[in-house]
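You will see chain A twice below: alongside chain B first, and alongside chain C after that.
Let's look at the complex of A and B:
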């Protein structure tokens, strides 16, 4: 079913159309309507052409959302299951507090990608960012997997400052030949081993297939892995207890 | 007139701006369309616009936009204006009667120039003389509020959703080379006509999304230099800080950005010695003007526009270019509605200003 956002009132009416449809939905001319595909259930597919508003795919619950264009802030907010594929860039707070499912961004992500992301029982959220990510990547990360591929940013560091501030779980992989310095004391950085890479390989393969990107160079390159530093926990951060 | 600060309302906001670098004028309708896209970021308690280059026929005169509660307060203020300024022209600001905007005060506009004798007597520059008169009116006159006082620019604001405020002031009938807009969702104050954004002093205007946590420290500091914060609204203090640092202290806009959204000491330590020294100087000399807490602001000024995020980038901001136009907005969609075929789009880093001056390149950082 094709729906032009120009012909439907606001975000509530659009979301109602998405929810009540019994087939896949394609929204065209999307321009700033919020909460597109909220809590979309398993078996449903939503395609959006244009620029969806904030919190697209919030509480996603098994559905698939594909965006032909850029997305704004808080995409996949608190998402539980499913997949979000973006053929463009993402704004700030991508995958805010998500606890399951996969997000693939072809281009860059803004500040605080994966903020407060966590794993839950057998759910493990994954975000793959094709280009660069802004500062505070994986802020307060509690679980799950963040991968920054740095495509097109080979000459610079594909991440900003203060990576993993407040991180106490999960893993961040960054593909770069540059040295990652000035990390918070609570974050440990190591070169990724073959075992480490085996964990992200399926996600990189899926990324390459989704966006038709050459896979070989992505797999062979140098990755760093960032994890919480168990030698330097937070017990003295706020009060001397 | 009931002013702000009685109680606290928790909240977001929306900002948008567009400028033509060549100084070519275009209709204010563009910016109204843009801010309307972000309706969910406002709650109907304030909307406003600033337009630059809108009064070319009076470009050498200060354009005072004034709210009055009563005819009596108007008469008192006009008496003051008569004694201090030569009033070249005065009129009601044209508005449209629409059901969405109610309880409007009397809204007047005066094109003025300081009386030569008064100005000479004061031994002040024309701009300082005018700014002090504005502060006097806003602090000493009951039921009067001057909300715009620049040359060849003007602020239009009200309580309501911004797109309704735009229709109310018939913004599409103005042409300028730069417009900014604000949709308000007040955080600390109930929202009245004067408290809507933009906040302006002389040619400076500020629209702001955020809530600065250093408000009271900044206010106490800026009031030592003759500014009077009359509204308990954080954006007012940002406007005065920018006026102080730019007009009075002569800092460049890039330097001002390094003062109000200063890099962390940790970042400064990692800089090359020469740049490091400059940042150490600015942080030491102007520590009281550091603004903390979330903000994204658009600063309009004589000859350009500046966009700036707080150093932690706790608010969103997107910049795009197409031909000679530059667009800045809280959300990309609000840019796409002004120009679907943008050529370049990016999000500035926290604390990294984007400065657009007429007939000049766009400066980043």
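Let's look at the complex of A and C:
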């Protein structure tokens, strides 16, 4: 089903059309309408041409959202299952508190990507950012996988400041030849081993296939892996009173 | 040097004691011990938290817990508690951690407010012979009456929640309290036609059947939040803050993330459950609006959204923002609100009395003509039916009770929740302890409490000549202050007694 966002009122009407459609939906001329595909369930694909507004794919529950364009803030907020593919850049707070599913961003992501993602058994959220990510990446990370490929940012560090503050689970991979310094005390940084890379390889391959990017160089280059220094960073902080 | 003499002493009346040993088998803290060799029961006062479990269960009435009487050479400035806290921190370097609400020496405004009754000029109403209405309906009200082309009324009422009386059980997560405690609250809420609240801990599979009486909570950690969870209750509460610890997040240690807790929160066993201090997707009223509407979209506009905030400075202006953000209900939590664990300094020093916050919010929303955008639920140490009546007269639509509900279930306020060894089976996940709390018994006790309160509310209303709780809402003429300053009376919007 094709729907032009120009011909349908606001986000409520658009989302009602997405909810009630019994087939895949293609929204064209999207221009900032929020909450596109909220809690979209398994079995439905939403394609969006244009720029969806904040909180696209929030609570996504198994559906697939592909955006031919950029996305704004809070995409994939508290996402549960499914896939979000963005052929452009993403705004701030990408994948906040995400617990499952995959997000692929071809370009850059803003501040606070992957804050407080968490994993449980076979639910393991993955975010792959093709370009750079802003500051506060993966704060409070409790589980899951964050990958920053740094394509086009080879000459600079593809991440901002304060990465992984409060991190107590999960892994952050950063592809760069630059040194990663000034990390918070809760975060340990190491060069990724072949075993480490094996865990992200399927996601990088999917990224390369989705966006038709050359795979070889992405697999060869240097990756750093950031992990929590301890699983329970706060356990000695308190005294009973 | 790090020895602190116990606050309490276990006194055993040897003449009454028949060595049944219920005390030593029941105490999870190991304060009682049976010496096989001498055949005697001994006590270790250092381990006693004064939870009264042994006292209540001792059929011989052979036990009592009394103040030990040991005193430091304290004065008004350097009180014993202050000195002990320094000792504890000098020993450990830790942040002081306390259980339950602010115990501080602040004025309890509810206790300085008295209620009106009818005399001569209008008749009081006897609830035994007249119908009394205690039902309330919470949510936004539409601004305009809409009619269709034929002039018929269009039902444009947003989704609301309905309560048989203006009392709900406050948010307490599965994890902070046991599954049996949750079951007791849910079953009592169902029987009484009110609601309980999941807190931020997700919803155990056994609890979905109570959906019609459930408020599901979404907090900064988003634990256990997924579309089925959001759709399972009758309302969704966004927790921005908690009265006991405004401005800080929560932290359930990894040692408590085991078994079903891990499953329900959907995080790995042994991993800490950290709720960040802010929601990192909410830095403004506009961002809050975004979360509210994403929740409404996820649930097809079928559930009212509650925004819970702690009572702090400028709370009236904050509430005004929330009332314009698309929220249907504001839940206000005062600085005496309970908690399983909070840093002592935060609990005892941050936040403001809920009576003042409530009165300010109600007034500003009325002044700005947006009072009907939202309902108000108030919590933070509502201890009795008269607190409920006073809260309603200060502008609340309903109240939340947490501590009072726990006490009804057996809690004796020993304030050691954070140890996870609650002898009453409430604030613990240890199977031998949780099974002590029988949901059928605790449910009955909660129902009894609310039934008693309902009668009392009806009597107080009747005395004032009011037969519907809605007529009492914000009705400050029914209140008078005793011993309050002019400024306090002004904030509360009430007159002094005698005026």
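The working rule: the second predicted complex is superposed on the first by the 231 of 241 C-alpha atoms of A that agree within 3 Å, B and C clash if a C-alpha of one lies under 4 Å from a C-alpha of the other, contacts with A are read in each partner's own complex, and residues count from 1 in each chain.
By definition in this document, a contact is a pair of C-beta atoms (placed from the backbone, for glycine too) under 8 Å apart; a residue touches a chain by one contact, two chains touch by 3 or more.
Bear in mind the structure is a predicted one, so any value in this text is a computation, not a measurement.
With both structures placed on the common chain, the touch criterion links A:70 to chain B but leaves chain C unconnected. When both complexes are overlaid on chain A, the residue A:19 reaches chain C alone and has no touch with chain B.
In the superposition on chain A, A:34 contacts both chain B and chain C.
Touched residues of chain A were counted for both chain B and chain C, and C has more of them. In the superposed pair of complexes, A:229 makes contact with neither chain B nor chain C. Contact with chain B, but none with chain C, is seen for A:134 once the two complexes are overlaid on the shared chain. After overlaying the two complexes on the shared chain, residue contacts for A:47 are found with neither chain B nor chain C.
Touching of chain A by both chain B and chain C, each in its own complex, is seen for residues 11, 34, 54, 73, 136.
Looking at the complex, you find that chain C touches chain A at residues 85, 88-89, 91-92, 94-98, 218, 220-223, 225-227, 230, 251, 253-255, 262-263, 266-268, 270-272, 274, 276, 280-281, 290-291, 293-294, 297-298, 300-301, 341, 343-344, 416, 418-419. Listing the residues of chain B that touch chain A in their complex gives 37-38, 40, 266-267, 270, 312-313, 316, 318, 331-334, 336-337, 345, 347, 349-350. Residue ranges on chain A touching chain B, taken from their complex, read 11, 31-32, 34, 50-51, 53-54, 70, 72-73, 89, 91-92, 110-111, 134-136, 160-161, 182.
Listing the residues of chain A that touch chain C in their complex gives 11-12, 15, 19, 34-35, 38-39, 41, 54-55, 58-59, 61, 73-74, 77-78, 80, 93, 96-97, 99, 112, 115-116, 118-121, 123, 136, 139-140, 142-143, 166, 168-169, 231-241.
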